[in-house]
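Next up: some structures, all given as structure tokens.
Next come two complexes built around chain A: one with chain B, the other with chain C.
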Partner chain A sequence: MDTMKNLNDMSIAQKGSLSVMIDKHKKTIVAFLLIIFLFILGEVIVSDFLSVGQVLLTIKLSSFIALFALCQMIVIAAGGGGLDLSVGFTATLTAILTAVIMDGKNENLLLAILVALAIGAAVGLANGTLVSYVKLPPLVVTMAMASIIQGIINVYTAGKSITGKPAPILQTLAAQSTGVFPNILFVLIFMAVVVMIILNKTRWGLKLFGVGTNETNAYLSGVDVKTVRMVAFVISGAVAGLIGLLLIGNMGTAFKDMGSSYVMPSIAAVVVGGVSLAGGEGNYFRVILGSIFLQTLTNLLVALGWGDAGKWLGFGIVLFVLLIAYVSDRRKR
Partner chain B sequence: MILEVKGVRKCFGGVVALSDGNLVCRLGKITGLLGANGSGKSTISKIITGVYNADCGEINYNGQCVKYKNPNEARLDGIAMVFQNLSLIPDLTVWQNIVLGAEQKKGIGLDNKSAKEISEKIINKLHPGLDINKKVNQLNPGEMQIVEIAKAISAEPRLLILDEPTAALEQAQVKNLFQYMRELANQGVSMIFTSHRMWEVMEICDDVIIFRNGENVASIDFAEEGKDADKIISYITGDAKKSECEIVDREISGEAVLSIKGMNYGKHLRDISFELKKGEVLGIGGLAGQGQNELLLALAGAYPDMKCEAEINGRKIKLTKPVNAVRNSILLVPGDRQLEGLFLKDSVYKNTIFPKLALKRQPLFIPSKKYRMECENIVKTLSIKTHTIDTPVGTLSGGNQQKVVVGKWLSFDINVLLLADPAKGVDIGAKRDLYQYIVDMVKEKNTSVILYASDCEELIQYCDRVLIMYEGQIVDSLEGCNINEDEIISASMCVKRTMEVG
Partner chain C sequence: MSKITNVSIDSIGSSMKKIGLKQEVSSIMILLVMFTITAILQDNFFEPNSVVRNINAFAPLILLAMGQAVVIISGGLDLSAGAALSLLTCVLTYVMKQDDPITGVYAIVIAFAVAVLIGVINGIGIGYLRIPPVILTFATSYIWLGAALFIRPTPGGETVKWFKVFYDTKSAEGVPAFVKAIGSVFQPALVLVLVGCLIWYVISKTKIGRYIYAVGSSNDSAYATGINTAKVQMMACIINSVFIFLAALFFVGQNQSGDARMGDPMTLKAIAAVVVGGIALTGGRGSVYLAIVGALILSFVNKIIFFADIPNAYQTLVSGLIIIVAIAGSVAYSYINKKAVGKESK
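Take a look at the complex of A and B:
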């Protein structure tokens, strides 16, 4: 499902195997080099930027972007201009509602997980139905959904403080470390392996990519395009619901805007990871690298004292540059 | 004489669309262009108006040698063309579309009043009762075609080119159009008229020019030589080699595999019924765009709104979802392979295994070892020329791409194979391989095939029976020795109907 593959295979005859290898993983290598470049740049400008502690902290912070980017990647891969702007809000909603349920006790965790899954899946089902069957544009549907959820959150939290605490297990998973390694890293690695297997080794993954690559062909081959796209949204919603649990585990308490700021970075991570917004492809490993890159960039800009403004400016410029680079790559075909 | 075209030649890539086009238009006369598909009649119209540039040859208009770069230049010079595929803007009203590009200024604004008057006048003649304040997207295809014609007429051309303007029109509308055309002709406007309905050409035109294989082979002045349909047909088909019937009638067992009753889909398919026998190769012929592609897509379940009674091996099935067709092994090799049949950027392997996903009882994890073996076999059987099975399909040649599309279905136990113009854009070698494979498959496995081919020769060579489609209906069925170029073309042009009408 890789746009680059096309170019590579054509040139196999002329090139040696090493350059073919490099070609095949060009985008991965680019993402890696960008991250290393940022760390070195940071070390030169700001002292004490490149250290084991810093790197691990960056990875920890970028895990949440990467998890949200998973939702994004699946919806984007299904094609049809898919995007899910509601993920951050869904996560906030589940965090706030499950905080009360868990009340700081492990025995309530199972119920909280079920509630989080149910809320997430319901939001996803609504999104998916409106996109697939009512044929509304995903951008508008999920934006409206985000507004609705924000409204619900505002009503729920109006005039009272949000009570409840995460289960200790969640705090261990999301906030603490084993040795030097943050535990959330293991969660992310586990997710990455599961996702890669599902996308590349199962029927469903193949269907998802097929629907994204060429809807007409997939349809005529007997695949139910609408259902596949709807399921993509349901999965996105359900995963977002679970991320809500990790968010509250990390923060120790739930608050109103805890998830919404992740929406834009999650889309940016997919782009930086070189996954086409046109659909039909998806490489979660590269998306994780994209998330790390964005977090490193944020850290650097914060270290430089440019704060929030610098962060958004930086994101925007990086997005433009990479989109132009990848699109011109495709134009060459 | 208003227009004279001499020795115009046009190639698209390596394909010669027009090798020697000559054409004369007289003042105030209507000239008909006739010819089979791809004979060059549309091409020459488009060259005159500057849609295409001729490779060589000259065009004399009003005694001057002209060469327009685009249709707008031609329009300024008094040559207007009504296009086959509509060039209207859906969100504007009828009258806005009619004056578009030729708006009259009045002060700083536009002179909408006179624009409406002009539109009203023309529309009233063509289709009385059509509200010119309606938006174009509220019109039906026939009405849109009328607006398109009105738009061309409003430019007050001296030469009007109508490229199959009647295809979307109903009988009454055609009549109005003809009346108006005659009126314009009397005012001194010259016209070039193409249509695949022969009786229309016979009725409205003063003379006809007949095209075959990119050349004009005859021109007939009706006033002098009279209207002789048989003669015209013989020019269109050429000295059709009355090839002796060499096809030995194959034994076809007689039990029906697929039976279709009363298939209807909008305007595209009307009341189609037929039976397909086991081991039969059923051809679908006719002029381009008479619903052949739609018929095959409908059989593959692509249209949820299509209505029909379908039985496969005596069992009732619903053909409203592709998955139903696939599970009953009614398998389509679509006409537009890049858009409808392949994932271009994916590997041969992924393309060949994809259809299996639609089947019931598939393992959760893809048994890639087994599937790769199968794919290697498919590549071998069809002799697909590819580096490895991981090569992206987009990098293969057209012929090999087509083989991959066929290959997708080979691991199925095929009941009915639907082929929509499989040889289009395929080189001769690959074409021969492909048909050879299909012929062998029919012989060995007694597979049933429905083949739509735009090229008569393929139908003649491979089919046991040929159904001719015309405007969404099956108008004729040819069998045995009747399957020859002559019969196919005259059936396609609906000559029999001409006789009834005329």
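Take a look at the complex of A and C:
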């Protein structure tokens, strides 16, 4: 770390401060430029794309992607090629189960939150144990976990319709607006602040980044690498469980596929935000920018009438190109 | 003198134990057990009809698992296999017109070209651009999915009449008599698997076949010995695509339609089959033919569960559980094995 700082200081001395600023925030600037480019492109192709209402709607929709991307970011920061493909399914499961518990009453909300946390943490614990103690690839584990959760949902919903309504508080939080600003935006800002404090100001955050940066070094300095990784998955699962509550608050009812389509965008948002997939870093602000970019892209493709096919093709290509730009390892050897 | 004989007896004993501890042997043992249980549970297991039905049910997974095994041995992992399979079925049914037999040939040629292109794109990403295979193929799987949805938003499509030759030769129309004669002896699904085996047999005898193992066990060392590692990784991806292409031929012959979502569950099953077969996920070790054993084990387990008569709603849950238990079990077993073998050799 110190050498890095020294290098930075040296480069400040050598180059102008502006170019250093640009260098340091290169990925943030790229994410910003991408969003602005898309909005201008949208305004040119589709009229009425760049209005205040449209922008706020985009931000509201992208909040859900950003929240799911939070799960991914923590798991990715722990290193070891971590990714969590089960988040969307966990959210769906908690949404379906808590809908019955809440039954449209505020007084049942506390119980619902506890159930959501418990389910999410249990899924995360299973993922984390298999990844860090049995040493299976995270993607394979979480993919299998996703199909197990889908199986549980299938069993639960077999032969009966999904009943129940969210508590009014959740609807206020997730679906309604204060003035022009959607309430979910405040939830997101709150989450962002909490996450940044936990990651950057607490011992656990330091350990997480340490494990992600260099497993061996972290181990040698006395960090329990396996437990830190497992806890990262538990947090991811628990947060996903809570997002399930917000999803049902937004939709009003729970349904079978409500969360699964967020899995791919959540990973893409992290990559667009320029967070290293190798682990050891995490800048939630950039991830939020990434989510806004992806939602804008979706809006644009839907406005063009390309629908689902265009959305997945677009996401795939964007992810592919950004992987080449950010992840590709063309070092000389 | 006696010392020497003692040592040699010891070493023979330990090498016997080593053979016993080898994962290949245990995989085949498990397969035999599963085979026996299925044969006992299914009354008409050895009747020609049910043999044919079983081969048809097992063949696609065998093909996908073999392709996946090549990629895994080369040190990669292909999460886009299922999406690529869907895309190929969509391409095949998109090109074919029912009344025009020649379009079937065009479709096969075009789909093969698309398959090779899929392999090349994955290969460029993994080999030349050095992006971690898991995340790269995760990204490309959505490109294939999007492309498949573009040409076939809802499941459907048509095929030429003779395309059934890849599923059931006897009921295919407009096929030369000698092909029918061969097809009545050899099941098309079996022929496709044999073609797959033949392809891998030929490749494994060439330099590329050796290099795939070298690159998989240590990319940097292989590079240092002068192997073009990027090209080898790309070849592994292309071989995988060819296997997926063979599976797509079978599926289109069977269903006479294309579906952009149909391959999704196959990816995980193929990976699980490879692991259960005893091929290390870390790459460089295991034989591609073991993937066949793994695929058969998974298929037999599915059949046994089917006989347990569980409700339809539980299918996804049970198969997901089987996969995760199988993968975790195999990896834990090989880890324990490695320790045991290490102790023996000390």
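Simple rule for what comes next: the second predicted complex is superposed on the first by the 314 of 333 C-alpha atoms of A that agree within 3 Å, B and C clash if a C-alpha of one lies under 4 Å from a C-alpha of the other, contacts with A are read in each partner's own complex, and residues count from 1 in each chain.
The rule is simple: a residue touches a chain if its C-beta (ideal position, glycine included) is under 8 Å from a C-beta of that chain, and two chains touch if they have at least 3 such contacts.
This one's a predicted model, so the numbers in the text were calculated from it and none came from an experiment.
Undergrad: Classify the contacts of A:L220 with the two partner chains as first (chain B alone), second (chain C alone), both, or neither.
TA: In the superposed model, A:L220 contacts chain B only, not chain C.
Undergrad: Does chain B (first) or chain C (second) touch A:K207, or do both, or does neither?
TA: first
Undergrad: Determine, for the superposed model, which of the two partners chain B and chain C contacts more residues of chain A.
TA: Looking at chain B versus chain C, the one contacting more residues of chain A is C.
Undergrad: Look at A:V52 in the shared chain and tell me whether it touches chain B only, chain C only, both, or neither; answer first, second, both or neither.
TA: neither
Undergrad: Check the residue A:V141 against both partner chains and state whether it touches chain B (first), chain C (second), both, or neither.
TA: It touches chain C, and chain B stays clear.
Undergrad: If we overlay the two complexes on their shared chain A, which of chain B and chain C does A:V180 touch? Say first, second, both or neither.
TA: In the superposition, A:V180 contacts neither chain B nor chain C.
Undergrad: Is there a shared patch on chain A that both chain B and chain C touch, and which residues make it up?
TA: Residues common to the chain A contacts of chain C and of chain B are 333, listed in rising order.
Undergrad: Once bound in the complex, which stretches of chain C touch chain A?
TA: Against chain A, the touching part of chain C is residues 77, 79, 125, 129-132, 134-136, 138-150, 153, 220, 223, 265, 267-268, 271-272, 281, 311-321, 323-324, 327-328, 331-332, 335.
Undergrad: Considering the complex alone, what residue numbers of chain A touch chain C?
TA: 81, 83, 130, 134-137, 139-141, 143-145, 147-148, 150-152, 154-155, 158-159, 264, 267, 277, 307-317, 319-320, 323-324, 327-330, 333
Undergrad: Where on chain A is chain B touching in the complex?
TA: For chain A paired with chain B, touching residues are 1-3, 5-6, 9-10, 12, 201-203, 206-207, 209-210, 213-214, 216-224, 280, 333.
Undergrad: How about chain B: which of its residues touch chain A in the complex?
TA: That would be residues 297, 300, 302, 321-323, 325-327, 332, 334, 339-347, 350, 353-355, 357-359, 362-366, 368, 387, 390-392, 394-395, 408 of chain B.
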